[in-house]
Each structure stands twice: as structure tokens, then as C-alpha cells.
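The structure's right below; bear with me while I get my questions together.
A, B, C, D and E are the chain letters, set down in written order, and residue numbers restart from 1 in every chain.
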Amino acid sequence: MSIPIALERDDSVAEAAKARRRKQLSGWFYLLCVAIAMLSVVVLVVLLVSISVQGSSSLSGDLLTNSHSELQPEQAGMWSAILGTLFICGVCALAALPLGIGTAVFLEEFKPQRPELRWLRRVIPLGERNWEHICTLLYKGTRWMHGFVQLNISNLAGVPSIVYGLLGLSLFVYMFNAFGQITVNESAGWEWGGVQHYYQVLSLERGQVVLIPQGERTETTLTVDEPMMALLPSGEEVELALWTPGTPKPKSKELRQRTVRAGAKGGRYSRKDWYYFRLPFGRSFLAAGLTLALVILPVVIIASQEALRSVPPSMREASLGLGATTWQTTRNVCLPAAIPGIMTGAILSMGRAIGEAAPILVILGAAIAKNSGPKHLMDDAVTMPVLIYNWAGRQQEVYQELAAAAIIVLLVTLLLINSLAIYLRHRLSQN
Amino acid sequence: MDPDSNPKPGAQPAATPGQANTDGAAADAASTCIEIGDFNAWYGDYQAIHQLSLSVPRNQVTAFIGPSGCGKSTLLKWINRMNDIVPNAHAKGTLTLKEDESGQEVDVLSPSTDAVALRRRIGIVFQKPNPFPKTIYQNVAFGPRLHLNASRGEMDELVEWALKKAALWDEVKDRLHQSALGLSGGQQQRLCIARAIAIGPNILLMDEPCSALDPASTSRVEDLIFELREQYSIVIVTHSMQQASRVSDRTAFFYQGRLIESGATEQIFTMPREQRTEDYVSGKFG
Amino acid sequence: MDPDSNPKPGAQPAATPGQANTDGAAADAASTCIEIGDFNAWYGDYQAIHQLSLSVPRNQVTAFIGPSGCGKSTLLKWINRMNDIVPNAHAKGTLTLKEDESGQEVDVLSPSTDAVALRRRIGIVFQKPNPFPKTIYQNVAFGPRLHLNASRGEMDELVEWALKKAALWDEVKDRLHQSALGLSGGQQQRLCIARAIAIGPNILLMDEPCSALDPASTSRVEDLIFELREQYSIVIVTHSMQQASRVSDRTAFFYQGRLIESGATEQIFTMPREQRTEDYVSGKFG
Amino acid sequence: MMKAMSQPAALTNRRFKSTDRAVLAERAVVSVLASCALATVLITAGIILMLVTQSWHFFESEYVSPGEFFSGTQWTALQAKEIEDARFGIWPLLSGTLRVTVIAMLIALPLGLVTAIYLSEFASKRVRSILKPTLEIIAGIPTVVLGYFAILVISPGLQFFSGGAFDTFNATSAGIAVGILCLPMVCSLSEDALQAVPRSLREGAYGLGCTPFETAVKVVVPAALSGIISAFLLAFSRAIGETMVVALAAGTRATATLDPRDQSQTMTGFIVEMIKSENEFGTVQYYSLYGVAMTLFVITFGMTVVGQIVRRRYRESYQ
Amino acid sequence: GSSSTTSTTDADGSPAAESSLTGDIQINGSSTVLPIGNAIKEQFDAEFPNVNITVGGAGTGNGFKDFADKTTDISEASRPIKAGEWEACKASGVEFVELPVAYDGLTIVIHPENDWVKQLTVDQLKAIFVGSEAANKWSEVDPSWPDREIKIFAPGVGSGTYDYFHEVLAKKDKAALREDMTLNEDDNVLVQGVAGNKDSIGFFGVAYYEENKDKLQAVPVVNPDSGEAVLPNKETIASGEYAPFSRPLFIYVNAESLNKAQVQAFVEYFLENVPETAEKVGYVRLPEEVMARSVANLDALKTGSHFVDADGESRSGSVVDIFTDENLISE
């Protein structure tokens, strides 16, 4: 067999030139790679520097301990937003992690097997062939279901967070109006635990009130025209005194405190303990947290699946080979081995939750003038990203700086969280 | 039983070469512990095993040999239903486990057979040592904890017994509570064997247990197999003809999903009935 | 050159057993194509090859044998600087390529040596067939397109030549423009050989080229090696002693990163000088 | 040794646990876990139910015709005082989304892919140890922050370099910020795909005398193409659904132009505006946001399906 | 009145103990009034820390919507309630007290580097803002102005500001404002928009202009009666010279909510402090007499509106003239 022309031809000059060109191209490409890869570092640096420059002047203790202020922006802070974020993310974690990890375990560890149907078989005489058919059908069915759930999760991962916000609005805030609407003067349709209804009436002592337990009456308003029993906010039970306008007011502070103007009106006031629970949730931090849980659920699931997938199959085989059930294998072998990965995924997804603003805007609105964290489950809250969104949208220089400072706080928080993830990944994968 | 003793009586019945597939089935029924008949196995549409019949004798070592991909591991995994977890794997035929000499039988493939209980009676050891990332003690105690109600003392005793049985006790007795991952490959493999026998199986399946080991470890594991034969029926898959001839009493040669020939090891290696067997054991391919 | 011809003159110089490591170096210099001296190779801190000296003769088949992990592949990969892409891999010693009989030499390990040009002269075929996920034609034409300025017609001719040389042409000539992944394992491996010779190398390195193949494919590839020996110097790594004895003129036995013994194949298999060689070739371990 | 040979008490007295309890536990666990999985399906069902019922209020209105919705080039849900004057043609919002997304993709895809190639084929350990965390940090930056960055740095920068040709709020600065947002995602997913290409292919290429560039571009990238394409698709749907950056930086005027210097209200941007304006809950204008959300959902769903098809059809089949 | 209970000076002169007044107050509505509402909330918070007030700024129209849905106690408005909105309140049984709280001058703003617009007449404004054939370029308004596109920023259609602007410029002609403006409920965004482009124009409450004087330029508007160009400021707004864009701002309080001690206290506090606070945030205080009537109406719980006549038509004119007992219609 003769050697082909292309190989035999002595074309060393042209070939050498070609080799040189190729090497040069490779070199240029390498440089391009380096340049582009460094670009992302540059972007990050520019971002961090520009934000630090803007925000450094507003970084102070006030920023961490005060809340938003319209009148004294110089002293405005993000305390209530930090609390709000904390609470909302807490709810989010409590809801998303079990659900997400559970789903991941189901998808990864409980892959469909041919069903056993042991007892059914004993009860229904169908014949071996028929049973085989049924088992095969069931098997195919469950496989199809598994595939469907998996596809569904990839789809959920692609759904924009604002759409989750809309879902949360219908599902948690209004609950499709199944429980009526929440209005300001009537009690919500369905409420449990942790709420006592009073009429709150201003007393003569400035800024102080007396409370009259509501008892059986369902009216929203009480008119005080006769002496009756009442409670001081301290819980002390007292006899109400009445004062008619035009007569002199009582001198003693103690007396003034339990005296109200004759004919004074009291509106309903509901004292809520932290576990006050109501349907629908309304614009509450609970609804916001649950909505965020929807947003990060696919992230948690996918990360946990990755972690479980990276457990070597040989570990599973070893355990099953020793006669462990699938759940025993999962609990004793797979979960312990996957925990670092799952934790990392969980923490990173919490980082995502902390930074989410769009769904929160939908659920809680853009209001930021709240000066405390949520007081009960149905209370509303401000979050850091929403605060930043609001501040950044303002034109006053001082709010711009505050926004930048708040961003620094937020980024530092996220950085801490990420380092925690890295640390945990490291620690847990060591032993 | 002497490690060097030869095949059990009745292990070499007269069989015409054409009937190679059924030859194994003719092994003495009284001492058979696994009976396989007309067995077919698929992965999805791909048939990995075709019409295979074979019987595995009790308290002997049976070696499965054959080139890569011929279905040795597949058959092994079906014996203790390990293939349940492989999507798409399914099988047809009979695969019967004869519990003890009294003849109590378990239909392995029947969906009504509890795979978990089955695997307790049939231990398995894999090609690559796969200890759990736990302590040595925990590794051995893993199975017993699942299956036995044992006191602390009993458990200690059991772990010691299993490790001694696996010829590992002397090497690890001082570091029972250290990670098993710190052991050498050969030690890990013996640990896996200890772990498998600690649940008290009757049968031990081994899928190329030495292929990842160095020569020294290999010979220790081989010695161990000799010893274990007294109490367990052992099936070993190996790609090394030498190993098969060293450790096994009976050998089955697989090729492309079919059993080509099975019989006493000596016979297979010295006067095989089939040309392909001869080609294989003499190294013409594989 | 007759495929069945025996080792070249000068291949069996007298050497005392103790000097096994330098034995290879004593092969006739005139026909040496790769000269390795005091070669050491590391992966990070782990030394995979120790003080190895060996010469590979021209236009012959040299087999590297030895148990898993003994450094065969490592050496092979150093010969055409494949280890450049392995982070942490580094080597010391001399590794010289004698371009042709005229004695032009290339210092392979020198950083100034152009690895790209070197690899054009030293083709390599791996254990697992690794065709690119492209058409058969594109696979073969891939190398020439990089290196040669060839017209369409010339390229067609070249592809045909290479496929014929690799004994694959008849099987694939009707589907040159279909995906190479549709070929069987053995065909893929021959395609990889065709791909390697299409750039016109002088030396062919093969790392266990048949271990993933079935018997029929194996023997086709072995036949091919016989044929190629006429034009190329071939180094083949194999785990099958039988294969080594069938296809190679010379054999080098490695153990734990050291060259234990090298010499004419017949000598190594019939009267090895070292005990370990004998143990290995007779299947006592590995 | 003799003691070891006699079976220990625990084995000889054969007090094996019954497997029934394990099997029961297994059943219970499976039901719980299956209901978790079911819940994720219910979420999708909930989204679809919510979108369909709510946008029904929109599409059934006499002022809205589906034909106009899908073909109209005017969107004045927030501009029209009276419902009679309102125009509901989705194209301005689509074109706004498209402008931002295209710009984002022009940045994220090439840069992300090249960075991925660099990381997977060339980068030394040290460079990786800088680059990977950098990308992870960028990936973790809240979108509000990037939106802020867009108004604070990118937009003024654009205005400065273009001599004021850009609006304060414009598609380009939002697009760039969204691009920065998607870059790490493109990069890490593409890198995964590249890493999944078996070593043997790279070795094959190097063995034939390829330069690193040729190996990467002619062999590795084509082999990883399906993974890379699904990374692109994911980034694309992420960009389409991105909300806060556009709400801050893209502006609020919905116009059907393709001018990247102009304001550009995206679908998500419109939803935020409408939510914030709480435009008289219950009006057709208000419900139009669900029509838009539905369109958005259908698009991202389509992207997912296409991604699945790509992955399935062109799954890397190197063996 | 119970104003004694909320006065800032204690009868004893001793330092006040922390207030035990608690409860929630929901407020929503005009973004123009929002700065006043937020400022008063902040002062109130300091004194009554246990009262939980939520102030939204979704726009006057949306505010009234919430108000009629009974989800707010107080609705802030930059225009009087309309007949239709009142109907909605009646339908859901909401009665309210109407309280004017401050004056605003609706301010037309342009970019500070805009050197061609010196003043604008109502007709020129109509040319820019009204109808679908409105001017697209500055030169179409005045040929001497540049031949560049006008970029327009305006409050959202739910806002009272938009309504008021519409009423002044287009209502008589039964025309609509043009639709290709950049609309945003958030006045801060409008500020940013106008400040960011040389060819832009926009309008919003004077407070937002006051806060951003350095970035914006207010345009003097020619008073149709006097023919003089007037800039919005405290004097010109209070005197009505800045016409036709001076307007009153309101809060509307749900009468039932007024029974709640915290709402009662807050509204009283609001009226008491609004003159100073409004000025602090850039608005103009109402004449004493109007404030006095507001307080009186609150005390007497006089529900209903002054600005819608018996036929359901809106009354227009000066607050001082309209906000009188005769004009109060309760049904």
C-alpha cells in the first residue's frame, strides 16, 4: 500500500508555518481567556469599590440599631429590616429545607422498583402473568411519575421569582378568598390562639389607656357611659371612673389613669401573642417566608440531589447487601455522607432567600417605615433588599449613601453565610 | 475440611458436550444450595443473560469466569436481588435458594420474596472494597445492628468473631474505633468480608474481590476464602484464571451472557469440553 | 519483515541478572528508536517510576507488562509528553527519541521541545477506544487537518489509506459520514489506530488497546499490529501475558515503578532471569 | 483461634429482628417523602391554577382581545386613565424583555463560556482558587444590589461615554447588570459540562498533536455542546425572569422599539410597577398583570422544555 | 374633644411615662401626602412607641380603593374624593371624616441645563401633555426651541396628582393626557428620570422639588388670570397666585376606626402637628381657619365630603371657599 501524497509530500516549510500559526492562535486564545476571566474579578472589584465609596460614610452603629427615618435620614438604620429578614428567612428555612430535602431523598434514594404487592397478591387471585403485567404497569407508572416530578422541578427552577410572588399572594395572603378578607375593624374570619379582644379607651392620663375585655359582645365599638371594670395595661384590674367634661380633672396620676371621659368610645383592640394564627395569612411575614420557601425550594432540591448523587453507589450497595432497607440505607449511609453537600446547598439557597426582593415586594408591599421586627406570626416586616430597593430609588444623596451602606451590610452578611457554607463543607467532608 | 481437598462427590457427572448448559444442574441435588434454571436477565431491552441453568453446591467455592461483560456480575447480583435497585433490570426463569439440607426453598425472583430478608442470608462482597466512612467497629456492627437484638457485650463478641474470621483481628484490634478508611486496600477488603459474615449468612457472593488488591493482600484473601469454605457456600467472580484454579472447587465459564461450560475446576482447566473454554483459559482472548 | 520473525540481532546481550535495569539499554544502538536512561517520574510527591533505563528498538513491537499500578502507562505517556496535561506530573532523567537511522535526536523531556510536534511523530492509542463524537471521516481527517495542507482529494485519499491500513475500510466505507460512536468497540479501537497513523507518525504507542474488546476484535487488532510493525515502531502495554507473547518481539516487565527485566519476548516467557518475572508470567500474582 | 471459629452467641441463638418493623417504617417514610415530592407538583398546579383563573378575569374582559394581546404594539395598562383608552398589546413588553435579555446574553454567554473553558482547561489551581470564589460571590449578589450598581455605575458610565445618548433608565445598563448576574451561572454550568467530557477525548486530541486551543475548541466544546446549550437556555430564562434589576434600572415606559439606549419596560418590570401601584385591584388593568405573568410563565416553561429536549436528544454519548 | 389626653405637655409637668397606647393603624394613599404622613408617624412613634403604623403611598385612587375595602383606617389624598369613590364607600358601609391638611403646588420641572424653557403657559402645557397628537419635539411647542424629542415623566394614573393635572388641562375638553409618558407611582423615580436627561420634563408635588432643587429646575407657570409667570413657593401657593396648580391635600378617616383609641390619638396628633411638619417636608400650611374647621369636624365627627355636590359633580375652587359647613354633604 503506497503512502498517500499528503503524507509523503515534503512540505515542511508550509507545515512549519502552519504549526507556528496554530501555536500563535493558541497563545492568543490563552491570553483572551485570561483577560476575560479577569474581567469578572474586575467587575466585582468595581462593584465593591463603588459601593464602599458610596456607603462608607453611612456605616455606623446607627445603621445597625436604628430603623428607617423620614425626618432624620442621617440617623436612619436597618435594624427592623435585619430583624425582618431574619424572621422571614427563618420561616423560609423551616418550610423549604424539610420539604426540599425530603423531595430530593425521594427522587434519589427511592427510585422506582418493581412493586412487591405481597399482601394484595395473596388476597386477589389473578394469576402470575396478570400480576406480572400489573407490576410492570405499576413500575412504568411510578417511573413516569418520577420523571414527571423531576421535569416539574426543573421547570420550577426556571419560574421567575415574581411569579412565585403572585402565587404567594393568591395562596398565602388571600388564600383564594376562602376565609374572607381581613379588614381593619372586624376580626379576621378564622383565628386561633394567642389573641384576646379588648376595647381600648384613652384615659385621662396622657398617653395611657384602659382595656375593657370584650366578653360576649361582638360590636366593634364600646361607648363608656357607666362605671365598669377595666384592666390597666399592666394587667391590674380596676374600677373605671368617669369624668364629665367641664368638671375638674382628678389630680392624682393613679386616678387619672383609670378615669375616662363619659361617653368616650373604645375601638376593638386585639392583643396578639407571638403565636397568633389567622387564616388567611394576609400581608404577614409568615406569608412572605412561605413564598420565599417556594422560590428556593427547587434550589434546595437540586442541590440536595447533587449531594446525594455524589454518594458513591458502592456505599449504597454495601448497605443493601447487608440486608438494610432503602430507608435504613438512606438514614445510616447516604444522608450522613451527603450532609456536607446538603448543608452547603441549604446555606447557599438561604443566601438567595436573603437577597430576594421581588416576591417580598408582592407580598408585603414596598413600605419600609416599620421600626421593629415582627411581633407575631401575622405581623408584617421589612427586609433588607426591600429597604435597599426603596432607598436606592430615592433621589436624596443621603439615602443613596444609606442604600450603599445597607448593601455593604447585606453583602457582608452573605459573605459570612457563604464562608460558613465553605467552612462546613470543609469540616464535614473531613470526617 | 482440607483447603486443598478436591471437588465433592457427584460434582462431575457424565454430560455430553452439547448439553453444557444443563451440566451444572446435574450437580448432586442434596448438596445444592442455589438452583438456577432457564434464567434470562435484561437491562431494559438489552439481554445480558440468556437461558442459563446452573446449580451452585453447598459449602464449596464456585468460580464464575469469562471475559468482561459476559454477565458474571449480573447473575451474581440477581442471586441476592441486588438488581432491584437498577432501573430497568428484570429477569425471568427460576432462581431457587435451598435454605438448608432439609430442603426449605426460597423463590428468589418472586416479587413476594422479601429481598431484605434474603440479603441477610446471602452476603455479598464487591470488587472494590467499600467500607463505610465509619469506624472499623461500626462497619462490622452495621449489619448486626439492623438484624439482631444483641446486647453490647454480645455485639463486641460478634465483632471480634467476625474480624477474627476475616483474619483481620490482629491487625485492627487496637484501633477498632478509628476510621475504616485508614486501612490499606487489602485490609479494607477483609473488613468488607468481616462485615458480610457478621450478619450470619449461609452464602457469600464475591465479585472480583481481589482485582483491586496487591499480590500480598490477594493471597491473604485467598487464604481466607479457603477457610471460610468450611462454613459458607461461596461464589466468586474472578477475571484471573490462576485465581479461579487456586481457590475454587467448581468453575463456570460464561461467554456473552451464556453459560458455556461448568464443572469441577480441574476439569475445566485441564480438559474443557468446549473450544471457547479452552481458548479462554489458555489466554487466547479476554 | 515477517510477522513471525524472531527478535532482532543484538537484542539479547549477555547481562548479569543483577543488572536487569540496564539490560534494555544494551540493545543495539543502531536500531534503537527511544532511549530511556535513569528515568524517574512523579505525580506530586508520589514517585511512580524509579530509575528506569530501557531502549525501545525500531520497527519492532515492544510489550510492557506488569501488575496494575506499576507505572506502565505513566512511562508510555511520558514518551509523547502526554503527562504535560496532568497537573503535578513531573519527571527526571533522559528520554531521547532517535528520529531516524541518521541519528537525529530529540530530547523529549526538554521544555524547549515542542510537544505538539513531538506528538505528531509519536501516535498514541488508548485502552478505551476514544473516537471523537464526530463522523468517521472527520475522526480520521482530524489530525491531518491540523498538520497538513491537503486538498480535498488528497484528504480523501489519506483517509482511505489510513482506514485501509487499520483494516477498517471495508466495514465503514459506506458510512464514512455517520457518527463514529455507532461503531462497535473493536471498530472504534481500529478507528483510533487509523486516526493515529493518519498523521504519519514513526512510533505508535498503545496502552492496553485490546482490554475493552471482545475476542474477535482483539484478534483483528492483533493482526493489525503484526502488519503495522513493518512501518512503525510499536510499544504496547498489555495486562495479558498471552497477548504479549503473541504480538511482541521484546518484552519489558515492570513492578512497582521499576523495570525488573527486559529482553526478547521468548526469553522473558520461557527463561526469565528474575523470580518475580517468573511469578508474574506464570500467574502467581497480578 | 478456636474461640473465633465457634459462632458467637448473638448469631447462634438467632434472635433476628423481624423485618416487619423495618418494612413498616419504610412504608411510612416513603409516604412522607412521596408527599413532599407531590407538593412540588402541587406548586406547579397552583401556579397554573392561579395564572389561569386570574388572567381569565383579564382575557374575558370586553376591552381585551387575545388577538390584540398577542399582536398589539401598544401597552398602556398603566398609562390609560380610562379602561376604554387602554391598549393591551404584549409586544412593547416583549420587546423590552427581549432588549434587556439579548444584551444580557451578549455579555453572559461569550464571557461565561470562555471563562468556563479557561477554568476547565487551563487555569492553574491558584487561579481557580481566586476565580471560583469570585464567581460564587457574584452569583450570590442580590439582584437589588446589581440594580443599584446599574444606576450608580453602569448608567452614568454609559451616559458619559456616549455623550448623553442614553436615557437615565435604559435597556443597556439593565442588560449589562443582568448579564453580570447570569455570567457565573453560565460559567459554572458550562464548566460542569466541559468537565464531564471524558479525559480520554482530551487525551485523544492531544495525542494527535492538538494545541490546547484546538483541543478546547474543536473537541471539548463540541462534545459538551448539549450541556452548554442547556446552560445557555437556563441563563436565558433567568434573564427573562429577572425582576429587581430591571425594576430599578430599565425604566417604566413600554415601547415597541429595539433601541437599546431607550427605556424599556420588561414583563417583570411591568408586574412590579402594577403591584406597587396596586392599580385599583380588580380592574382589567390590574388583572392584565396576570396576563403578562402567564406569558412569562409560558415562555420560561417553553425554555425548560426545550432545554430538556436538547439534553435528551443530544445527550453526550461518549463512552 | 379629648385633645387634653394627647397634649404634649403634662398637667403635672412631670416627664411622661411611656405610653401604653397600642394597636395597629393602616394608612395608604397619596404619594404626595406620604412625606407628611411618614413624618408625622415618626414623631408619633417617638411618643407612642407601641402603636404600629403602616403607611403606604400607592396613590390617591388606590388609597380610596383600600379605604372602601375597609383595609385602611386612614386614606391620604392629594385631591378630594370623587363621587364614584364615595359610592364605593357607601356600598361597603364606610363613613369618613374629610380633613384638609396642607397645600401643595403641583410643580412642573425640567432639567437644570434646559436653557430654552423660561416659562410655560397653560396652552403650551396642553400642547405638551394632552391628547394623542401632542408635541413630540420641543420645536413643535415653540419653533425656537430645539428640535429634539421631549421626554416626559409623570405620576401614575392612580395618583391624585395625575388626576389633578388632567382636570386642570384636559377635563374641559373631554380629552385625555397622552399615553406615551413615562409613568411611575414613585415620585423619586420621576425625579431621577428628569434629572437624568436634558430633554425631559415632568411634574409632581412641590415637596419633591424642594428636596431636589439642586438637580431640577422648576418652571414658572403663567397665571391665566394675571398673565404673570409665577414660581411655586410658600407665598405664591398659599396666596393662590400660583394658579392653576395650587391644590389642597387631605386625609380621610374611617369614622368607625376613629373609635379606636390609637386612631383617635393619631388623627388628633396629626391635625395638631401638620402645619409645622408640612412646612418641614416642603409643603405649605393651610390658613388657620381651615385647620380650625378640620379640628372641629373631627371633634364633632362630621362625616361626608364638601367637594362633591348633590348631583355628584366635583366642586372646584379655593379650599377656603369650599370647605364650609354649608357645603358638607353627608349622604
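Convention: a contact is a pair of C-beta atoms (placed from the backbone, for glycine too) under 8 Å apart; a residue touches a chain by one contact, two chains touch by 3 or more.
Chain-to-protein mapping (UniProt): A = Phosphate transport system permease protein PstA; B, C = Phosphate import ATP-binding protein PstB; D = Phosphate transport system permease protein.
Model, not experiment: these values are computed from the prediction.
*Asks:* Under the document's definition of touching, what chains do subunit B and subunit D have as common neighbours?
*Replies:* A, C
*Asks:* In this assembly, which chains make contact with subunit D and also with subunit E?
*Replies:* Chains in contact with subunit D as well as subunit E: A.
*Asks:* Mind having a look at which chain is the central one, using mean CA positions?
*Replies:* Here the chain at the core of the arrangement is D.
*Asks:* Between which chains do we find the greatest number of C-beta pairs in contact?
*Replies:* Contact tally peaks for the chain pair A-D.
*Asks:* Based on CA centres, what chain would you say lies at the far end from subunit C?
*Replies:* In terms of C-alpha centroids, the chain at the greatest distance from subunit C is E.
*Asks:* Need the CA-centroid distance for the pair subunit C / subunit E, whole Å please.
*Replies:* 88
*Asks:* Round to the nearest whole Å and give the separation of the Cα centres of subunit A and subunit D.
*Replies:* The mean C-alpha positions of subunit A and subunit D differ by 19 Å.
*Asks:* So, what's the distance in Å between the C-alpha centres of subunit D and subunit C?
*Replies:* 48
*Asks:* Provide the list of subunit A residues touching at least two other chains, using ranges where the numbers run on.
*Replies:* 22-23, 325-326, 328, 365-366, 393 - these are the residues of subunit A that touch more than one other chain.
*Asks:* Got the subunit D residues that touch at least 2 other chains?
*Replies:* 19, 22-23, 151, 211, 214, 276, 278
*Asks:* At least two partner chains per residue is the criterion; list those residues in subunit C.
*Replies:* 116-117, 146-147
*Asks:* Which chains are in touch, pair by pair?
*Replies:* A-B, A-C, A-D, A-E, B-C, B-D, C-D, D-E
*Asks:* Residue numbers of subunit D touching subunit C in their complex, please.
*Replies:* So the residues of subunit D in touch with subunit C come to 124-125, 198, 200-211, 214, 218-219, 222-223, 316-319.
*Asks:* In the complex formed with subunit A, which residues of subunit B make contact?
*Replies:* Residues 80, 82, 84-85, 87, 90, 111-112, 114, 116-120, 123-124, 126, 128, 130-133, 142-143, 146-147, 179, 192, 195-196, 199.
*Asks:* Okay, in this complex, where on subunit C does subunit A touch?
*Replies:* Listed in rising order, the residues of subunit C that touch subunit A are 114, 116-117, 144, 146-150, 154-155, 157-158, 160-161, 164-165, 200.
*Asks:* If you look only at subunit A, which of its residues touch subunit D in the complex?
*Replies:* Interface residues on the subunit A side: 22-23, 25-26, 29-30, 32-34, 36-37, 39-41, 43-44, 46-47, 50-51, 54, 98-99, 102-103, 105-107, 110, 148-149, 151-167, 170-171, 294, 297-298, 301, 325-328, 348, 351-352, 354-358, 361-362, 365-366, 385, 388-389, 392-393, 400, 403-404, 407, 410-411, 414-415, 418.
*Asks:* Quick one: which bits of subunit A touch subunit C in the complex? Just the residue numbers, please.
*Replies:* Per the touch definition, subunit A meets subunit C at residues 1, 3-7, 11, 14-15, 18-19, 22-23.
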